[in-house]
Amino acid sequence: MESATKIFKDFQDYLNADHDLREEIRSVVRDLEQTAREIQIILQAIHQPSNASNATSLCDQATAHFSKVREHYSSLATKIPEGQYYRFSDHWKFGTQRLVYLSALIVYLKEERLASREETAETLGVKTKREEGFHIDLDDYLMGILNLTSELSRLAMNAVTAGDYSKPLKISRFIGELDSGFRLLNLKNDHLRKRFDGLKYDVKRCEEVVYDLTIRGLVNTEPQQKGE
Amino acid sequence: MESATKIFKDFQDYLNADHDLREEIRSVVRDLEQTAREIQIILQAIHQPSNASNATSLCDQATAHFSKVREHYSSLATKIPEGQYYRFSDHWKFGTQRLVYLSALIVYLKEERLASREETAETLGVKTKREEGFHIDLDDYLMGILNLTSELSRLAMNAVTAGDYSKPLKISRFIGELDSGFRLLNLKNDHLRKRFDGLKYDVKRCEEVVYDLTIRGLVNTEPQQKGE
Amino acid sequence: MESATKIFKDFQDYLNADHDLREEIRSVVRDLEQTAREIQIILQAIHQPSNASNATSLCDQATAHFSKVREHYSSLATKIPEGQYYRFSDHWKFGTQRLVYLSALIVYLKEERLASREETAETLGVKTKREEGFHIDLDDYLMGILNLTSELSRLAMNAVTAGDYSKPLKISRFIGELDSGFRLLNLKNDHLRKRFDGLKYDVKRCEEVVYDLTIRGLVNTEPQQKGE
Amino acid sequence: MESATKIFKDFQDYLNADHDLREEIRSVVRDLEQTAREIQIILQAIHQPSNASNATSLCDQATAHFSKVREHYSSLATKIPEGQYYRFSDHWKFGTQRLVYLSALIVYLKEERLASREETAETLGVKTKREEGFHIDLDDYLMGILNLTSELSRLAMNAVTAGDYSKPLKISRFIGELDSGFRLLNLKNDHLRKRFDGLKYDVKRCEEVVYDLTIRGLVNTEPQQKGE
């Protein structure tokens, strides 16, 4: 009968080591989320009319913080034993989605285009592909992009307040493009699909802003679009 | 065996005294909440267009009722045995959150700024710090401030109805500032975090009002903001 | 507007310090619960028929571990700021209830009587009364005693298996006494009341064992009881 | 703008491949669970009094089916891309727990001892350790063992029906040993902890059977135990 006791003693050590590892992961993730909050606070300023012409400077400030992000991910990657990324990924899922969104927001603000998964991974300091180790899961990348559309639809409205009538048009077309992109995907009936269902409100919101501008003759949408 | 009976007899006295104390606390808290309701009713009038120019007078009426609030808290403080604030604080938590909100609303209406935790404590007649005795817990202060943003976003809309086009702009900037403030905080995944998640709807609501004013040329947001 | 940001910066420091304190408390409580598990494992052996005559030795082994318990509580007590016992007590509530039960089990096994709240506090190395600082809350003491009755009703049955026919009678009378004691108390409709509702099954279980013994003529219950 | 569409086209391929893989995994797991059910049906016969002396033959029949189990796991293992065990493990978690339980039941029936995690892994045809690839997760092993105790407590009762009075004593001691083992572990507040809370009912059930046997003089527990 002694054997049963011995077997369980081994499990005890095992579970305690496991518990310690989880604590360490939690601690790094906490730092990661703190840095994400700092970046978020900087970029929130784009919604204030007074910062309308100031977006590049805000992006530069935010970009500077990403060196800390890369350090945190690097520290996290060394802690995860090989092959156990998905055993622990719930810990950093949320933080990663937020950092994808923030990093893609900077890319849009500077270059008015969608940040690819590869360059986002580079900005965060993680691998591009699952096979290479610590990476951004596709689900988390897509969730971050859905958060981006929400933020941009808000920006479209606030751009009008700041007197910028061309930005809403560009944003509306960009979000429309993303909406088409997501419709290509065969999303399972999960959290991503639910979040995607909210995208239509972002699309609608942007279209309303463009409508408001057009009906008042504040922009002339037609020739611009044809020219593209 | 007699000992067990004797031990339980002592507990009986103890639990009965405890029960009586809870009844007394409940009774004072009931009075406190009644006074809060009276203040609330007075301040609700700010949403009526006819009272738009009347806010100062409403604030004065509401302020007068705070002497009763201070009496109730003073009575409550004497009832709580030393070191047992957190044993009973669930009883007055909700009432305190509401009074923080009402008191901060008055400060905003009169001075367009955030009431600090210290001056709110003074208005309620309680201590500023936990160490000093009966105080406002930080959680309750923050919850009260989140209730304030909700009320102000409503006021932004009603101000337009009353023909006041500058108030929504001020409120929108104030709520934006509070939003940034809350983003600094590492809120645990609790009731405060959930309530904070609702703040974005208040922000959005205000931005929509400002948007509506701007697109109709009813306000010119740009120069004002740049001048600040 | 700067003031709002400053106010929130202060809160950030405050909440971070609070978070660190909670982490420290959690860590000590984890050690405390680990020690409780070790004591529990030792005392579980009383149910094995082979240990029937061995209870004193098991009690001595278990008692030795209580010096670690006292160290943990002492460490915990220094961490809790004055007046904030009830702010954090949910962290150690469960561990304390278990230690009350284990400590009271030892007292019963050795002296067949109910351990008072005072001596239990002494064994755990905490204060007797709430006013004196870190103590055992009455609720937690009572919950621990209810766990004791459950354990003893199990022991009554296993004593028969071990050939000890007098122990079930003593346990049955002791649990009956505790049942009377609890009935004296005006328990609110809470977790303690629910747990107390389970006591009747312990009483019934013991009575059934005594019945089984009596009806088979294995004990003579009457004169013994009169003689006491 | 084309880039966004192109980016999403790639995701489409990726998600479709992912979807196909999940279908394949589901199909193998379905076969695995079917085999588990067949083994289960064979072993259920041990509860019938007529099979009391027949356990070895039932075990041999059941053991024969494990070659199919090993084939299914081998097929499953080749499908899981490196490092993605935990990405998909929810699919086979339940089936694995059941097979652990069935395999450990055979070991107990034949040798009255706890099957180690290593030999269970061998019987199932998977790796012993997480680092080596497709393995039994500790959680799933432990869950399987908890299912075993439940089955054995039932067998203790049915053994009496079949006129075997020594088996309940052995089972009761074995389950008591497992109970002590589990108490060593610092289980998080999760599904395993909840399942462990049910173990006490298995312990109790066995003790009641032993009690019933003892009080009727059908077994003499004392000398046997002392002799060990």
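We just call them A, B, C and D in the order they show up, numbering each chain from 1.
Note that a residue touches a chain if its C-beta (ideal position, glycine included) is under 8 Å from a C-beta of that chain, and two chains touch if they have at least 3 such contacts.
To keep track of the chains, here are their UniProt names: A, B, C, D = Translin.
No experiment lies behind these values; they were computed from the predicted model shown.
Annotation, chain C (Translin) versus chain D (Translin): rotation angle of 85 degrees from the Cα superposition, expressed as a multiple of 5.
Under half of the residue numbers found at the chain A (Translin) and chain B (Translin) interface occur in both copies, marking it as a different-residue contact. Using the average of C-alpha coordinates as each chain's centre, D ends up farthest from chain B (Translin).
Separation between the centroids of chain A (Translin) and chain B (Translin), computed from CA atoms only, is 33 Å.
Each chain gets one centre point, the mean of its Cα atoms, and the points for chain A (Translin) and chain D (Translin) are 41 Å apart. Residue positions of chain A (Translin) touching 2 or more other chains: there are none. Inter-chain contacts occur between A-B, A-D, B-C, C-D.
By the touch criterion given at the top, residues 1, 3-5, 7-9, 11-12, 14-16, 19, 81-87, 113-114, 116-117, 130-131, 133, 138, 142, 173-174, 177-178, 180-182, 184-188, 228 of chain C (Translin) touch chain B (Translin) in their complex.
Residues of chain D (Translin) that touch chain C (Translin) in their complex: 173, 176, 179-180, 183-184, 186, 204, 207-208, 210-211, 214-215, 221-222, 225-226, 228. Those residues of chain C (Translin) that touch chain D (Translin) in the complex are listed here as 30, 33-34, 37, 40-41, 44, 47-50, 154, 157-158, 160-163, 209, 212-213, 216, 218.
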